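Both complexes shown next keep chain A, but they swap its partner, so chain B is in the first and chain C is in the second.
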Partner chain A sequence: MSTSSIRRLSDRLAMAAVVVVIVVGLVFLAAPLLVTALLAFDARNYLGQLPPPALSLHWFDKLFSQDYVVAGLSTSLEIAVLATLVNVFIGGAAAVGLDRATFPGKDALLSAFLSPLMVPAVVTGFALLLFLSNVGIVSGFARLLCGHVIITLPYTIRATLSSLVGRDPRLTEAALVLGATERQAFWNITVPLIRTGVVTGAVFAFAISMDDVAVSMFLTDPTTYTLPVALVANMRASFDLTIAAAAVLLTGITTVLILILERLVGLDRILGQGLFRS
Partner chain B sequence: MANTVEFHRVSKRFGEVQAIDDVSFSIASGEIVALLGPSGCGKTTILRSIAGFEPPDAGSIHIAGSDVTRLKPYERNVGLLFQHYALFPHMTVAENVAYGLRHRGHPRADIPARVEDMLGLVQLEGFGQRRPHQLSGGQQQRVALARALATRPGLILLDEPLSALDAKLRQDLRAELKQVLAAVGSTAIVVTHDQEEAMSLGERVLVMNRGRIVQSGAPGEVYGRPRSRFVADFLGRANWFQGVLGETRGGTALFTSQCGLRLVVTSPEDVAPGVAELCVRPESIDLLTDGADAKPGSNRVAGEVLDVALLGAVRQVLIGLRGGGRVLALLTNRAGDGVAPGRSVTFGVRPQDCVVLPALGADERRLAAPTRH
Partner chain C sequence: MVESFREFTPGRVGSVAGAPFTFANYLELASPSFAGVLIETFEISIVASLVGLLIAFPLAYCAVRRFSARWRAATIGLMITLVLLSMLVRTYALELTFGSVGVLRPLLLWLGISPTSRWYIEGLVGAGLLHAIVPICTLTLLGAVQNVDPRLADAAKSLGAPAWKAHLDTTIPLSLPALVSAFLVSLTFSISAFVIPMVLGKGRVLFVSNVIYNRFGDIANYPSGAAVSVVMLGVSLIVVYGVSRAQRLRRRSL
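And now, the complex of A and B:
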């Protein structure tokens, strides 16, 4: 065999290896989700062998007939919506401030804002519980809201900041030279241009808030708990496939959010930011 | 004529870098001035300080008689054309052009008509509803020009206005830009590192290096009578000879180069006899083919053609001199016809085309080198 064909063969082998690794990775990621989804529609009343002999929605029936699930889901949605709204404002404001800042502690401040990503959730949860009790905040809802704002803040700050950094600063200068004040230039030019980043951050914040267990566990009270916390508690008490139905539900919510995001960002690309008219 | 811009003893420092070093100049109303220099010479900082983005550390800036040194950009009536257009991508062309009118308190009812007028001025009628990204680079720059001129600014600043465009389009747009600026009669400052752009757009050229203005004058004067090696080298190509300048006799003097070349030169005003440098532009060399006479009073020099390169409109000829040394000549295709390597030639140089400059020490030579990147 000539050298050239050996080199081509080794190229092909490397390529094949890459494909194998990708396929194995995908199977590893997707298979548990598919099994869970399948089990959620299992018509049997017990956890049996795959594949299920018949399909039914009775686990979903059971899921929504349980008061704690309905209460948890509504608390989760309320907390997620509120935390996201709060975050769009304070995360957006922090990002704008950090983007303009030139003072020496800027990087340290950014690290502090992003620290919930690095600090273990258990530590965040426990520290918050102690702190909030000390300052007299004992309502479960207020505690959960505080906690969720903190753990989702890094996502909104990061997404907003990256769109701020990526924008052309000369556009603001152009607006100023054309007679707009700093404030007018911010609302007319900067905000429309970073809207994609803000929306991305908001979607992430919502998804993280809906999904959180570790921090929320510390902050619930007997009457206020989020859906994931309720599910974990229930799973310990009685294991059945309502948990699979809940998993499908949560996955569904996330999928819808990602589709919304894709549509916003994707359309944005097609129209060249034309979607975001001021 | 009243001065539109008074730039008085302005300095600006960025950390270790002295961007502008005690610079003063003034610009008359209606005048178009080009600020020319290599990147990092401070020309953009001057532009940004006039626009109001970089308040100077020292000195004052007056526009139309009033002190604007500490005013915000939106408190001055200055138009600015950016190198990369800086059109608002989320607005239509018409909204872009209307932006300044809306924020400068133009009567709302008149805005659409004014926008149409401006688009007409830059030959973009009917493009009002397009988005900037649907336009070509040249069209985008024309929208930016319409936007900058819409509010009738007393002064318009152009920051490397054509350098983002390809060469051919740049020439077309340069002519158009010149017409539009003449049509509105606005005072303008063009910042550029492109000598062609500076000389074709500017009625006066300010050449900058290392935070200072090194020469100022009409384009022909700055090009033809450079006062330093930096200016001569930055504005085009030049042949250099080191040598000795003799005593003046009847308005001319004899320059003897190290390679033995002897040339009659027009006496320089500010160079004393002694060691000096001589600069001759390649296009002021006339090739004297087959007994053709030199222009009256020309120096005649003999040499041998070493290399010929056709550059399109002109032919570049490298000539080796008898006493050593080389001369680069740019000839029109007609004049350079039949010139081939190996041929002995005689060329003529007029005394007034020989620019004598004081000789530089090694240190000054280093400082005079353009900071090209």
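And now, the complex of A and C:
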């Protein structure tokens, strides 16, 4: 064999290996989700073989007939909406402040704001539990809200800050030169310019809050718990397909979030929002 | 932090107010059983992070250089959807597909694999981590791969190098800093994982996070839980230090 045909053969082998890796990777990522979605509509009363012989919604009926699911879901949604709203303000204000700040220690302050990303969630939850009970906050709802605000804050700060850094500051200056007050310039020029970053941060904060187990598990009380915490507890007790129905429900919420992102930001632009900066 | 030095009296919740300070909670951590958990956490995390890069890098490269615009958008859309999708949902989906009562059970038994064997459960926990790592790494690597000049690999190829060697000598070294930081990001994520080992490990494979929760939840030994937390915090700060070092090296090399 000549060297060029060896070269062609090795290239073809390498190409085939890359294709196999990508296909296996994508199947691994997608297949379990499709299996779960299909089984959630399974008409049988037990966990059986694929494909299901008939489809029905009875797992969803069972899911919503359980009190813990309804209570957990409403607590989860309340906490997620409140935590997101609080964070759009705190995170937005912190980002605007940090963007203008010139004082020494600015980087340290930013690191402090982003530190919940670095600290393992279980440590955050455990520390918060000890801290809040020492301070005297024992209500489950207040504890959960504190925890969720803390763990989702890095996302809103990062996304808002990166869109602030990426905007053209001359537009604000132009508005000021043309006679706008600081306040007018901020609300009419800066806010519309950083809207995509704020929306991205808010959507990520909401998603993280809806999904959290590790922090919430420490902060719940017997009457206030979030849906994921209730589901995990149920998953340990019994393993049936009501949880598959819950998974489809949570996937539906994620789909709404994706549609919001696609509409208001555009999925390809999210990469520029600083959340995946390594 | 303070709690971790308190003496624990079995049978009550938390430490007695004003309990004497002691190092006993830390000494206990030097025992083989805790060391085993720590080692297992790291082993599974490191393997999952490496395999994650092995899948994410070709995916990111092809998304940027090979796929059509539509496929590229679809790949990015899928990855963002996965990142936003509840980790609990994904873990449950994996358990339902590959777990001991999952739909693949007959296939596993036919292959002679016991779905309750320890190494299979370890693999399953690794697969759970992988499901989270691949989308994050792919999105992280996209930008880095985009910045590598494709003409360098073309030049190597036109000078007679096979395509795989051309990439090995140009594309991969140029994206190495991004690969290193993606690896460390995956590692920090993995070692602090909680839900994944709890659902997929079924109590047989424990991560450090699960030990902390068990100390708190099952035996209400707060001081010991706090001691494990402090150790874990230290370990993850060391990894984070590694991340920032890698980033600094990267900035210097650009």
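Going forward, the second predicted complex is superposed on the first by the 245 of 278 C-alpha atoms of A that agree within 3 Å, B and C clash if a C-alpha of one lies under 4 Å from a C-alpha of the other, contacts with A are read in each partner's own complex, and residues count from 1 in each chain.
FYI, a contact is a pair of C-beta atoms (placed from the backbone, for glycine too) under 8 Å apart; a residue touches a chain by one contact, two chains touch by 3 or more.
Remember, it's a predicted structure, so these values are computed and weren't measured experimentally.
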item	value
Contacts of A:Ser65 with chain B and chain C, given as first, second, both or neither	neither
First, second, both or neither for A:Arg7, with chain B first and chain C second	second
Chain B versus chain C as contact partner of A:Ser56, first or second or both or neither	neither
Touched chain A residues, chain B compared with chain C	C
First (chain B), second (chain C), both or neither touched by A:Ser74	neither
Partner chain(s) touched by A:Ile189 [first = chain B, second = chain C, both, neither]	first
Chain B versus chain C as contact partner of A:Leu178, first or second or both or neither	first
First (chain B), second (chain C), both or neither touched by A:Ser139	neither
Overlap of chain C and chain B interfaces on chain A (superposed complexes)	271, 276-278
Touching residues on chain A, where the partner in the complex is chain B	168, 170-171, 173-181, 184, 188-189, 192-193, 271-274, 276-278
Residue ranges of chain B touching chain A (in the complex, touch as defined)	51-53, 72-74, 78-80, 82, 84, 86-91, 99-100, 103-105, 131, 133-134, 147, 151
Interface residues, chain C side, partner chain A - complex	3, 54-56, 58-59, 62, 73, 76-78, 80-82, 84-90, 92-98, 101, 103, 106, 127, 130-131, 134-136, 139-144, 160, 162-164, 178, 181-182, 185, 188, 191-192, 194-195, 198-199, 208-209, 212-213, 216-217, 222, 225-226, 229, 232-233, 236-237, 240, 247
Chain A to chain C touching residues, read off their complex	7, 10-11, 14-15, 18, 21-22, 24-26, 28-33, 35-36, 39, 47, 49-50, 118-123, 126-127, 129-130, 203-204, 207, 210-211, 213-214, 217-218, 228, 231-232, 235, 239, 243-244, 247, 250-251, 254-255, 257-258, 261, 267-268, 270-271, 276-278
